[in-house]
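Mind looking over this structure? Questions follow.
Note that the chains are named A, B, C and D in the order they appear, and that numbering of residues resets to 1 at the start of each chain.
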Amino acid sequence: MTESKTITLNMGPHHPATHGVLRLIVELDGETIVKATPHIGYLHRGIEKIAESKLFQQVIPLTDRLDYSAASANNIGYCIAAEKLLGLEVPKRAQYLRVIMAEFARIMGHHLWIGTHALDIGAMTVIFYAFRDREMIMDINEEIAGYRLTPTFFRIGGVAQDTTSEFIKKVRAFVKWFPKAMEGYHTLLTKNKIWTTRTMNIGKISAEEAVNYGLTGPSLRGSGVAYDVRKAFPYSSYEDFDFQIPVGENGDVYDRYLVRMEEFKQSINIISQAIENLPEGPVQTDSPWITNPRTVDVQNDISALIRRFMMHTKGPAAPKGEVYAAVEGAKGELGFYLVGDGTEHPYRLKIRSSCFYLASALPRLLVGHMVADAIAIIGSLDVVLGEIDR
Amino acid sequence: MQTIINAISEKHPDAITKQCDAQGICEITIAADAFLEVMKFLHENKPFPFDMLTDILSIDRMPRTPRFDVVYLLLSTKNFTRIIVRTEIGEGQEIPSVSRIWHSADWAEREVFDLMGILFSNHPGLRRILTWENFEGHPLRKDFPLEGKDFDKPFDTTTIQDYC
Amino acid sequence: MSMVSLTIDGKMVSVPEGKTILEAAQQTGIDIPTLCFHKRLPPIGSCNMCIVEIKGRPGPVTSCNTPVEEGLDVATQSDALHAQRVINLKKILLHHALDCPVCDRAGECDLQNIVYKFGITDVAFEPRAQKRDDAYATSLIRYWPERCILCRRCVTACQSIKGIGAIDIIGEGDEARLVPVAADKCKSCGECLSVCPTGALTENLSRRKGRPWMGKRVKTTCGYCGCGCQLELSALENRVIGVHTETDDGVNQGSLCVKGRFGYEFIGDENRLKTPLIKENGQFREASWEEALDYTAKRLSAIKDQFGPDSIAGLTSARCTNEENFLFQKFMRAVIGTNSVDHCARL
Amino acid sequence: MTNPISDILKAEVILTTGTNTDENHPIIANYVKEAVTRNGAKLLVIDPRRISLVDHATLWLRPRPGTDVAWINGLMHIILKEGLQAQKYIDERTEGFEALKAHLETFTPDHVSATTGIPADDLIAAARLYGKARPASILYAMGITKHTTGTDNVKSLASLAMLCGNIGVDGGGINPLRGQNNVQGACDMGGLPNVFSGYQPVADEKAIKKFADAWGGVRIPSKIGLTVTEMISGAASGQVKAIYVMGENPMLSDPDKHHVEHGLETLEFLAVQDIFLTETAKKAHVVFPAACFAEKDGTVTNTERLVQRVRKALEPPGDAKEDIWIINEISKRMGYPMPASTAEAIMREINTLTPSYAGITYERIAEKGLVWPCPDKNHPGTPVLHRGNFTRGKGQFFVIPFKPPVESADKEYPFILSTGRVLEHYHTGTMTRRGSGLNRLYPEALAEISRADAQKMGIAEGDYINIISRRGSIRVKTWLNDRSSQGMVFVPFHFHEAAVNLLTHAVVDPVSKIPEYKVSAVRIEKAS
């Protein structure tokens, strides 16, 4: 038996195709991968430990930095968990605004995915179109929240401030413009011979195995499991919109690609429904412990001034209790397990990161494929290391 | 959901020590010894198996003994129901690993070990995942200072050894 | 000491005779809101926040100064009590100045905490806070009448802890305010300042150098007289911005004197010695540590060799720590070789 | 102090003499006032000045300055006459009682009131008050010790306390109120010419061997060294060539300023280590910038022998360094590198070499301090000394004849000057005269004269006067109040502009070498 010599290749943590600081030790027999062990932790900031010393509303900017490519999708998760713990009711208008911003975040995440995924496999032009559209969403973010990538627009109990007519105009313009841009992607990739041969039957994973590995989001739906948190456990009035959940069949890179392309369309569908019937009313819940008093009150009424001062230096004290709230992030189920102990600080915050479990499936998915396919598979899982390492 | 609970308490009479409703999700607390059997049962339970382990987390209840809570979030993708399984572990006590039942538990248990220092018996490869190999201490414990130990001294990166 | 048993909110409690209902409730972990109550002071009963209902008694009773009786049935929470407490707070807020952003006490103010806890959203009456600048018993403390809630904590502290009674509240209704009735007897000890729940009494010294909770708090012993009072220095950007005390800490139990509470300005003084100095033909010039230390060692060794160890003497200090004193006498005895070590215990 | 400060609350009668507690130990004054108002204790104040504590006193005796031994013996005489002494306590636990009894015969109330100026029946009332009370606590401070008969005063007070069985009991004791935050610690640590740390005598061979071995076999002399006053006169006479001063300002705190100035200027080498450029530092050849109490870690011992932590809150300004570092550096350059460099390491060395501090470690005093003597790691400390039996076995009574002060009022210098401290300032003013706060309360030196004397000399409130003594004169503002008795003037010594140590003489107590700051003869003239 010829003695087969395997060589170990070190990919990352600074590697163009690893979407961040993922390090992959790959054992090659010739071109095929025999064994792959991912190493993570290079972007570990200890967000969960930092959260324990912050006030409740000070944790929101931290959640922006988890999946930084789709920031608002993280914020909505933490805010819902905090509101569940504090027992607050979010007004309808704020819920709709949150849905719009979360869906825009999903589209931004998918733009980044399609651009880099195609670039890894060799299609250079897709990223220019993708980032051109992404730029327009960032303008919308800037219009309403003042920040492009990490808007931190949500507050516990609602959103930071009300929208402007300019915002609504821009959203409508984007909703009208975007389907045409989608056709561009489809013509570039969907029927492209090179694209299909590089992506079909690569990184196949059956439904049971995907569930067993804890995969969620588009990567799970690519294998045929129709699990989407927005439908399974509706939150922030998602039940008001009708939209479908795209599902693939044989769980390979191509099916995951098709699922995400369909999700583009569904998100635009949700956004147009939300922007059309945006209800009137306040954008902040009406609780004396968390709602920002109006500035005119603050300048004339001592109790409003005291409330404003205490809210930003002390904040509400959460009752004793444990709460789990999950949302559908761009990459999968993003859960926040929040424990309150009666003080103004979260006693413990555990973030259920979808990419953490996607990355844990890499050793299973990569084995038996060529090195070039590994790049395609990683791209198809669309992992973001900010969320893995926390 | 109640049928499952009753089924469990028949097979393992003293397994469930507490049952409550955490914000709409059923939660049960399991005694440490009957833990593995109950988890296997939940995984295979016929009408709708809990086939996905969403997450494992640990909470440091410092002054209380046993000190740690280890919480498992399970989901059945057949009819989209969740169940939270909690068990209380003392310092240095071992808890059987469920990574042979759900693959996703492998990394999740490694993270709990790394950040909280809870040991999982017969885990395929229990080593640190987020911090480097010779990192001292477990950051998420309540007695670990926020800034880290002797944060104001220069840190010599050459001392870092990581799993190769 | 005979024990008295009563029920509070349905819970059986037994406490020694002479205790008040508030103490009994606190002992069993029942939280009765208080404002003018202070652990170190005898009960004052001026703010009416700690009112409770006793079965068989007509109106609510202030629990901070009502002694326990056998078989009482006390209720600490009820809608009527809550409404009454809200009214009490609003009456206090009526006169309160809109000073939170500029007030030294903001962030550590009992009034802020209790108003926020009760979630008071608006003061129905037209606020009539007048800006007045009144003299106070000492130049080290400033009195802000429009922030004063007339809770009498300062008056009680000056009378019961210091036995002086230099201040008192005079006047009725809108005119009522704190007046120094015996300003010459005031020792500027700051007892009133330390118990004041709001920003009505603040230091004239460190106004608005930084919020106390921003600074790093370090518990240490006062550097002045021999009492050894325990105090906390709060330091921000390497400056001392305030001195605080814990009420049940050390021999001083929360009290300080004028030197301990206000005498910390020398720490940040600009003409503190900053570099070693060497005298050359009558004038000091700055020198590096290396040069100064070598010069000293050389001169001391030379004199020791020429005139013998007993020609050198050392003066240590009663204001240095034990460790420094020990090291100094070790230096004089082991390195120089003389017993001529003394300090100013004699002066 | 033989008893803790909190014991004041247990005393039936509190005798305070030679201490303006309300101004120099305000927190201890709180305890005294609380004992009087809340626990009904009786307060007996014996002080020439009408200090604010007198407002709370049941009885106030006003002796002429420097006549302390006389009235103490007078009190003991009356207590024996009326049989109020604790005879059982005396028989079991003391010695030398008979000799004292005989000696006290001559101190009849009339004889004592002649020398001290205290009316006879006040003396009797005071003796009964103190004699009957069990327990009774004695508090005293520099007003007793700053005399040429300082040691005699303290020994007489000790005899008075033992006479009534007040030593080694709760609520009793004879309690010196030490003036500075670590003067007790400085003495404990061997900052004295005649003892190592823990009062182990320098002349004792065993102690020398112990310290010599611990410090690497160095040769330590057994001859007792010079005290601060002897150092200064030694410098003037050329016997002392170099002085190394750490955190001290003898130019202002030592008696007879010209003498001090002359001494320091003739020195070959003077090194000063302090936080400000004090008058003494100006005379130095080398000045080192040091860290103040807020910029260093360590421990200090307060007046009730409680060892407590001092923690570092700030970095020292500029290049200033902690004293430990400076001493280490000098000693390293003189060929003797010191091992311990941190305060905690030095404390471990102190534990090994000082029996009374052996059990005091940083872990044990993190929350609450420990009172020495604390011989081992789990000893709780001894708040009350001499419980059961005296450390030397039997309590010693002393026969103390009355000796008048060196200088007394005469025709040419009709006034008696007494110096001391005020509430707002501290020692030589190095710390309290910086910044605006305390300065605003007490901006300049004030000479306190009684209104009667001022009227006689036509001096109005706030006029400037010259106070002249045989050694020098100062110009100072007057403060007319009824605190000072007639023929007395009180001037604080915090102010270098009116350096009161220009006036005081340098004669010291033979044993304790403390100068007689409390009694100097002066003349007063209206200044231009």
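Brief remarks on what is shown
To be clear about the criterion, contacts are C-beta pairs under 8 Å (C-beta built on N, C-alpha and C of every residue); 3 or more make two chains touch, one makes a residue touch a chain.
Everything numeric here is computed off the predicted structure, so don't read it as measured data.
Hopping across touching chains, the smallest step count from chain B to chain C is 2. By the count of C-beta pairs in contact, the leading chain pair is C-D. Geometrically, the chain at the heart of the complex, using CA-atom means, is C.
Averaged C-alpha coordinates give centres for chain C and chain D that are 28 Å from one another. Inter-chain spacing, taken between the CA centroids of chain A and chain B, is 24 Å. Chain A and chain C, compared by their mean Cα positions, are separated by 50 Å. Centre-to-centre separation of chain B and chain D, using mean CA positions: 65 Å.
If you sketch which chains touch which, the chains link end to end in a single open path, with no loop closing it. Touching chain pairs in this entry, ordered by label, are A-B, A-C, C-D.
Within the complex formed with chain B, the residues of chain A that make contact are 25, 39-41, 44, 46, 48-50, 52-53, 84, 208-209, 211-214, 216, 225, 227, 232-233, 321-324, 326, 333, 335, 337, 339, 347-348, 350, 352, 356-357, 359-361, 364, 389-390.
The part of chain A that touches chain C in the complex is made up of residues 287-289, 293, 297, 299-307, 309-310, 313-314.
Chain contact summary for the complex, chain B toward chain A: residues 22-23, 25, 51-55, 57, 59-60, 71, 73, 77, 80, 82, 84, 102-104, 106-108, 111, 115, 128-132, 139-140, 144, 146, 162-164. Residue ranges of chain C in contact with chain A, taken from their complex: 90, 93, 96-98, 100-101, 106-107, 111-113, 115-116, 119-123, 127, 129. Considering their complex, residues 138-140, 161-163, 185, 187-189, 204-205, 216, 218-230, 233, 235, 238-240, 250-252, 255-259, 262-269, 271-279, 284, 289, 292-301, 303, 306-307, 309-335, 337-347 of chain C touch chain D.
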